Amino acid sequence: MRFEQMAWKDFLAQRLEVLKTWPTGKDVDLDEGLRYQRGIPEPKNFARAMNKAKSGRKTLIQPRAGVALIDDHIRLLRHLETEGTADLLPTTIDAYTRQNRYAEAAVGIEKSTAAGHSLLNGFPAVNHGVSGCRRVTEAVTKPIQVRHGTPDARLLAEISLAGGFTSYEGGGISYNIPYAKKVDLGDSLRAWRYVDRLVGYYEENGISINREPFGPLTGTLLPPFIGHVVAILEGLLALEQGVKSITLGYGQGGNVLQDLAALTSLRELAGEYFAKAGFSDFDLTIVFHQWMGGFPEDEAKAFAVISLGAFVAAAAEVEKIIVKSPHEAMGIPTKEANASGLKATRQVLSMLTDQKICADNDIIRREKELIRNEVRCLMEAVENAAGGDPIQGICRAFAGGLLDIPFAPSIYNRGRVLPARDNEGFIRLFSKGNLPLTDDIMSFHKDRLAERAKAESRPVTFQMVTDDIYAISKSKLIGRPK
Amino acid sequence: MNPTHLVLGVIGADCHSVGNKILDAYFTEAGFHVTNLGVMVSQDEFIDAAVETDAAAILVSSLYGHGEIDCEGLRAKCVERGLDRILLYVGGNLVVGKTPYAEVEKKFLDMGFNRVFGPQVDLAEVVELLRSDIAAAGRK
Amino acid sequence: MRFEQMAWKDFLAQRLEVLKTWPTGKDVDLDEGLRYQRGIPEPKNFARAMNKAKSGRKTLIQPRAGVALIDDHIRLLRHLETEGTADLLPTTIDAYTRQNRYAEAAVGIEKSTAAGHSLLNGFPAVNHGVSGCRRVTEAVTKPIQVRHGTPDARLLAEISLAGGFTSYEGGGISYNIPYAKKVDLGDSLRAWRYVDRLVGYYEENGISINREPFGPLTGTLLPPFIGHVVAILEGLLALEQGVKSITLGYGQGGNVLQDLAALTSLRELAGEYFAKAGFSDFDLTIVFHQWMGGFPEDEAKAFAVISLGAFVAAAAEVEKIIVKSPHEAMGIPTKEANASGLKATRQVLSMLTDQKICADNDIIRREKELIRNEVRCLMEAVENAAGGDPIQGICRAFAGGLLDIPFAPSIYNRGRVLPARDNEGFIRLFSKGNLPLTDDIMSFHKDRLAERAKAESRPVTFQMVTDDIYAISKSKLIGRPK
Amino acid sequence: MNPTHLVLGVIGADCHSVGNKILDAYFTEAGFHVTNLGVMVSQDEFIDAAVETDAAAILVSSLYGHGEIDCEGLRAKCVERGLDRILLYVGGNLVVGKTPYAEVEKKFLDMGFNRVFGPQVDLAEVVELLRSDIAAAGRK
């Protein structure tokens, strides 16, 4: 695959169109944005914080949070940095903005003002514009990131980077396939090429902006290698456009050893693939997401899930952990509930900070080897499909089911892969769809699932998958029959 | 006997697809004929599909918190389109934030839904209710 | 050491005196008690439940709980078994009863009745008598145990066993040194010989009663070997009197690998010492106590500590875990808070139940070897001091500081041992007092502490110990200087 | 200048000895002369020691929940024994169950204690208060 930067004149031409898509676009001025970013104190730079976490072997904690109105949003973030002791702050964007439905977001803002509480599930940053974003980023003391799920996030990027955010989540695959239904994959990949080029431009001008592809995808029984391949591909595409600070993510699967294997192998494999593609000037860090699937409704049980996630993050020594709240199963958390998830996480992390726990053993090694082989199968297939052009390769791979994300809503995803847990809770494949995995690999998966089927005296069916999806919310890891 | 038709989907700009796939499988297994519109379904798409399949009920999901905004006016639109007897069920994480179920239920009943379900609902019970509601509505 | 059963006629002679120490004593009839116990359904027998947990590799969960009045106590226990899904129930005895101050307990009952809520920190079982106990044990469906801290627990044992309890916590050392100030150690050991003989008598008559020495002692920076030696000695004394079902305990220290090493070595070493002493007909199980030192006040942080404890229990595959509540730092928990500790614990345990996690590695092996050597030093010293009589040996060992429990209140304890955490949070000794540890062992401890002292640029002093005592309540494991 | 004398102990049938050892070390370090009676101290033992050492204050701990019962009448007994100006401080987990601090404080102030502390108290602040209370009471 060849990696080429977007031509600057193409970027600027597109830019004119992008900024016209909503009135607040006209307030964005690239150079003024750079100047503004230069004035942000270093300790508030996200890229720098991630780098320091790596060299200091620290795990930083970050919540998700966003409400409709600026003042409420500031109050929320301040609570999370003081009471919650968050190291890094988010601004989670509402779902209308994510679909570029700014008019509906405007209705949401109005209704929220009228109701006195947020009717939007996030912060409509485009509607609030550059100045609204600056009010937010200036009101806090910690590095702050845009977190969303937007297939075409060009305008949001323009506004929020000029608005003082120093990290931007997402990617052309990870913010399309799990988050959209009918958005053409090529379109979202190209939109994200624009975003990455914008970040690259900031980098060229001395402003480091952290980029974070969204690792957990659908958050539901995702075998590590699928997420890893997406993360590596989006990493390559970002580096191609001049991104330097890159954070790859993985969502807790629930089996501790599989999670540990996944986290170490993500770091290793990404480093290798990036180097192989000729990139060297990058700063790679890893983020772990606490359990991304259905949570238990009971708050005590939710705290247990949260703590277990924190345990894995500590054992794996990742640079960042994204924290859930005890309200997860029920609704967007209050600021208090959100802070309490942070506090529980902090407590586990700091109790484990000086400990070395199960960093390595035979099972972890077996799983790492497996993940490495699986990733190789898929990466080779994408390369072969690419004919030199990575975006082409990715589109063809999804069309042919060589890449396929379980449970995703997008019509550009085949959706024929079916995962299930084995008898020890490792996530395996029971149907590989069209994924280009070798027979060796698949027979390992099948054997492990057969073992469980035998233990449960039932065949491996969709019922088992359903049971596994519900399991953690029903206080189990594996969805055994009653 | 023809199976009863249902229309299923996740309303608005909501992308939560996991529950939708499970609901599809569950109601199909229970003997209904399910037209699953998937995620990100507009009110008009729901109604078009219901008209087309002569559905007994529309099962609306909303997980992401905008349910309150997205569902408003659905009943009126149904009536407008001649679906005056259609059952409207809604379920999921219907509003923004952890909210007592009774409050949420009232809000959506007032909007014209026949039944309102939280995320922890037992689907077997829903099937029971649906069967009896359909029978009571004089359809089959 | 020679192990001899107490002569039955001596037992009966003492018994007459014991039953006279409070009016409810007259209602205890040994044979009627046996008949009553025979009527208790098997699933409610504690010894059997522990045995089943072992063969089924299950970890059972048990709270602590006790209030002044019978009806309230029943309501509390029922909540814990339904909402909390406790597998095993407790009845925690109030602190007056523990000191045989039944008259003050009576005042506490009166004041509690008047106040409408419990002013006692436990259930005054002696005052409530056999019939009161039976009301309690009959009202629940799970096996139920007496948990207390009573140096002379003879009357309490008579009443509660006749009252339908099927497990009895405590021992002559573990319920004296951490729980009393001026009770002669020989006296408490002899009182517990009586209790063990009583349990032995039930066993001879076909009623299995579980016995559980109290492992965590002062719950404060206890190096594993000290608790292990006490547990093994109390185990031997119990077996001597005919006890068959014995559960040895260990309280979470906070370093995961040290805790894992401690739990496996406790099982192994106890089995070996029991066999060496000639006992074979016993059923040994292990109980793990969630963190027994000062808790964080914040409930989210407390949930984190609770979950981390549950993690260790699952990894170590112990038969039972004693669960704390999010109210721990503040006061006796409400029934809701108590149940929520159970629910968080259950969630972690069931998510880990089919997983095998860090069961063994080099560090665990190093720590197990260390514990084994430390235990051997102390056990040999006690044997040498015994002149054949174990009780004698124990008394002399404490008098000479060959056994010494950090931070204990008893004047029969030298109190010269000072523990502190090393740079990875392992609990080490910085002053061994008079413990008969070899120079090799002590130089290991000292080296490890020197490493921490260096890292913190300060000497190992009492300030470091104090910092460590506060650490977990202040969200750390190790009390580092600011 | 003679150091100020304090009497320290854990009241009633309470065996919690860890905090007591820390308090002993802390107040000694802060320059007071501490008579530490350890755990399980009766009201009379506190008063005897205070009389004997001419103490400026008695520092009572109660952790185990029976503080309410154990502390009642201590002030009256002090007066009875001629300790009319002695400062009485109490701290720990003073009542059974998690209770708002203000409620606990009122209860013990009403019983005649001069200051009441929860378990999370900052000892440096206590030393400050104690110094100024002693100065105000005209003792040193």
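Letters A, B, C and D name the chains as they come in the text, with residue numbers starting at 1 for each one.
Throughout what follows, a contact is a pair of C-beta atoms (placed from the backbone, for glycine too) under 8 Å apart; a residue touches a chain by one contact, two chains touch by 3 or more.
Remember, it's a predicted structure, so these values are computed and weren't measured experimentally.
**Q** Note the shortest touch-path length, in steps, from subunit A to subunit D.
**A** Counted as steps through touching chains, the separation is 2.
**Q** In the absence of subunit C, which chains stay connected to one another through touching?
**A** Groups after removing subunit C from the contact graph: A, B | D.
**Q** Using each chain's Cα centroid, which is most distant from the centroid of subunit C?
**A** Centre of mass proxy via C-alpha means gives B as farthest from subunit C.
**Q** Please report how many Å separate the Cα centroid of subunit B from that of subunit C, as a whole number.
**A** One centre to the other, that is 55 Å.
**Q** Could you put a whole-Å number on the gap between the CA centroids of subunit C and subunit D?
**A** Whole-Å distance between the two chain centres: 30.
**Q** Where the centres are mean C-alpha positions, what is the separation of subunit A from subunit C, in Å?
**A** 45
**Q** What are the residues of subunit B that contact at least two other chains?
**A** Not one residue of subunit B touches more than one other chain, so the list is empty.
**Q** By the document's touch rule, what are all the touching chain pairs in this structure?
**A** A-B, A-C, C-D
**Q** Spell out the part of subunit A that touches subunit C in their complex, as residue ranges.
**A** Touch list, subunit A to subunit C: 254-257, 296, 298-301, 303-308, 310-311, 326, 339-341, 343-348, 350-358, 361, 363, 423-425, 472, 475-478.
**Q** Would you tell me which residues of subunit A are touching subunit B in their complex?
**A** These residues of subunit A touch subunit B: 95-96, 98-99, 101, 104, 107-108, 111, 117-121, 149, 178-182, 218, 220, 293-294, 297, 327, 329-334, 337, 407-409, 462, 466, 469, 473.
**Q** Could you please specify the touching residues of subunit B with respect to subunit A in the complex?
**A** Listed in rising order, the residues are 12-18, 20-22, 25, 38-40, 64-66, 68-69, 93, 95-99, 119-120.
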